[in-house]
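In what comes next, chain A is part of two complexes: it sits with chain B in the first one and with chain C in the second one.
Here is the complex of A and B:
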């Protein structure tokens, strides 16, 4: 099985037409589907949150068969993810895409679970600790993208599950749970 | 005060000097004095601060109109100048006004005197001096005298043989000299062009009005034909039909398509052409594997005809008539817009089967096929093969691969891939065959 880093690649990754945006509707739909899944899986295992179209993205190139997705194809597949709510464009020019391999709601749930698992139902914890602390190690929260975390926090704040308060610097920002 | 024995200069109403025949003005200087400092001087006047005009024939001095002057416009004919003194540049000349001296004799017998031209106004003095020398040496008046004498000889007795002045030459035509001459020449050219254009447009107008009549006539005939074909209860005897067909032929030959064509089985011309074409197409069609590009037929057919070539429109019409006859060929248009002639017996399914077989071969599984590969297998031209491949693609049989290596086609694997388990490869089917064929996998 071919690998990209630690990621196991499916066989059809070596199928040259996979890298050409197909014109026939039915064929294209299937192709888009497969790419969407692949992108989400890859980002999840590699813990990637942002794809920049103009930069190198290992998944979009297959050096073995010497094929690479065109910009048009990349945008087509990412747009499909955006339409499904599994990604968001970060700029109007569609140059950067935020990948939500967990939806924001899912992240919110994960945060609550984290609070429960660590006895923080009424407790206080800093953003820094959530992202890089020892408690979060081994969980999906570890190394989470800042933007995504903020969105999840906002969601929970609106539901009254926590309060965000600012410290002296951004790293000192803290959360008080009230689960 | 000296007398004035200089010949006068005739002026026009607007103060312009009247020139001698062939005389051309060359230089203007303002604020010029013409003085004679010789003693005694009985004939050269004291001309102060006037306009000096150097011509090919004379030096004209005109009084400054702004200043009331007792002097009148006078002329010194260059032929009366015996000597021009070279300009000596001295210290004095740097500070004084520029001046040049010449020796001149009057028409009358008086003594020659030295006249000084004092230039107080602005002007390129050196250029003037150079031109002065040039004109004096050029002796243009001798030329004009010759011409004048010869032309006055030619115009024997006819009153107005004038060594007259100004713009009219001795034979009365307008003289084309000087800048005004150039302008006049241009003007004449414009006028003659204008006239010939007008004449041309007269013809065009005549043509247009005739064309209008033609169009009305054609309309009348068209309506008559239409009404004639609709009224089937009326006499449909052969004579009338014959004349009607004649009319259609006539209209066609003038380039007007009869509207009846679609209703009847088409004009005779196209019918005949259609049959002829069907016969002709048999051989090339076989040679190219049962399918041939319409453009190729157009070229082949016209080449065979030699003369009386047909137009693309004729060809299209002829092909479209085939469905009305019992011919084994059809005109077909692909999605890409390419038009071909193919056998009725031609089956797309057959072609697709052949393509599928080709594309499942191990080499094709690995590297796909190009239109040339398909052309070889199908026995048709590469352009035709490409059309077949594109049809197969649109049916979901093939997938395209576009890369710097070119445009290739592979068997379509996408339907075989399980979206819920992308790593799953069944034991049987196209997908496993493909996986087995690829050395990189496994």
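Here is the complex of A and C:
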């Protein structure tokens, strides 16, 4: 089985026609489903949050069979993810896509769990610590995308689970939990 | 018998005919009885054989296949009914029934990927993977028998030959001769181009494109425009080796 680094690629990745957007509806639907799953899987294991369409994304090219997804295909697959709520376009031109391999709600739950696990139910922690601190190492929060984190925080703020407050600089932004 | 004139003569002739008829029927009956007795002997010998070799039949596909042939010669179909001697003794009815159900499952699961046409070899392999250590090996012959039982259900299951390979069709799509020829051509590299079809089969462009479009619409073919030579390729999942299809691990 082919691998991309440590990531095991599914069989369809080696079948050339899957790199061409299929014209027949049923076939195309199956193709889109396979690619959606692959993209989410890959981004999750590699902890990738943003896909830029015009940049080289290893998943969109298979050098062994010499095939590459057209821009049209890339946009089709990502749009499908967006429709499903598993991604969001970051710009009107659809050049950049935010991948939600965890939905925002899931990230919010993970944050709450993190607070409980670290005895922070009434505590304070900085954004920096959440993203890069020692407590978050080994958890999914480590290295989380800033935009996604902000969205999750907003969601929890609306539910009254925490309050975001600003420090002297962006890195000092902190959270007070009230779980 | 001397013909007598008049009504009496007619009656005698009629009586004679009747007697000949009865004699003929008796002879036929004797012959039939003899045959029935011979068959009955064959059958009970076959039953003895089956009893003795029950395990071999269950476990060894080659043996099983030959056993079936023997049964066929004597007019016995161990799969004809799920009840009765054969099914009870050998549990064979259950075996093929179960196989049939698994085959239908696999065909349905792979249908989105291959349009409802699957290579027999591949089907058997997927079947084996599914059954793993389940009570003995499953051969292609077993698959074919199970599929022939499925046909009786009118479920649209059929085995078709394309070139040297056998494909199992699980959709009502009718493949005509043109489609078959393309599938056979595709067995070489797993794909064909319009040029190739025109050239190798000596068809007009229209005929080639027509056939390819139908196969595309039926989900049996997929297009590939990514080759650097710019020529569109039509790939056929049902003739490609297993490794080109996805999801088989989860089947």
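Here is the rule we go by: the second predicted complex is superposed on the first by the 179 of 179 C-alpha atoms of A that agree within 3 Å, B and C clash if a C-alpha of one lies under 4 Å from a C-alpha of the other, contacts with A are read in each partner's own complex, and residues count from 1 in each chain.
Quick note on the criterion: a residue touches a chain if its C-beta (ideal position, glycine included) is under 8 Å from a C-beta of that chain, and two chains touch if they have at least 3 such contacts.
Please read these numbers as outputs of a predicted model, since none were measured by experiment.
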Chain B and chain C placed together on chain A: clash or fit? clash
Could you look at A:67 and tell me whether it touches chain B, chain C, both or neither (first, second, both, neither)? both
After the superposition on A, what does A:34 contact: first (chain B), second (chain C), both or neither? both
Key: Which of chain B and chain C A:79 touches, first, second, both or neither   = neither
Is A:126 touching anything from chain B or chain C once the two structures are fitted on A? First, second, both or neither. neither
Please work out whether A:15 is in contact with chain B alone, chain C alone, both, or neither, and reply first, second, both or neither.
both
Chain A contact check, chain B vs chain C, more residues touched by chain B
Item to complete: Report for A:118: first if it touches chain B alone, second if chain C alone, otherwise both or neither.
Response: neither
Check: chain A residues flagged as touching chain B and also chain C 10-12, 14-17, 19-20, 22-24, 26-27, 30, 34, 66-67
Within their complex, chain A touches chain C through residues 10-12, 14-20, 22-24, 26-27, 29-30, 34, 66-68
As the complex stands, chain A meets chain B at residues 1-2, 8, 10-12, 14-17, 19-20, 22-24, 26-27, 30-31, 33-34, 37-38, 64-67
Chain C residues touching chain A in their complex are 112-113, 115, 191, 216-217, 219, 222-228, 233, 235, 237, 240, 243-248
In the complex, the residues of chain B that touch chain A are 368, 393-394, 396, 399-403, 408, 410, 412-415, 417, 419, 422-423, 425, 431, 434-435, 438, 440-441
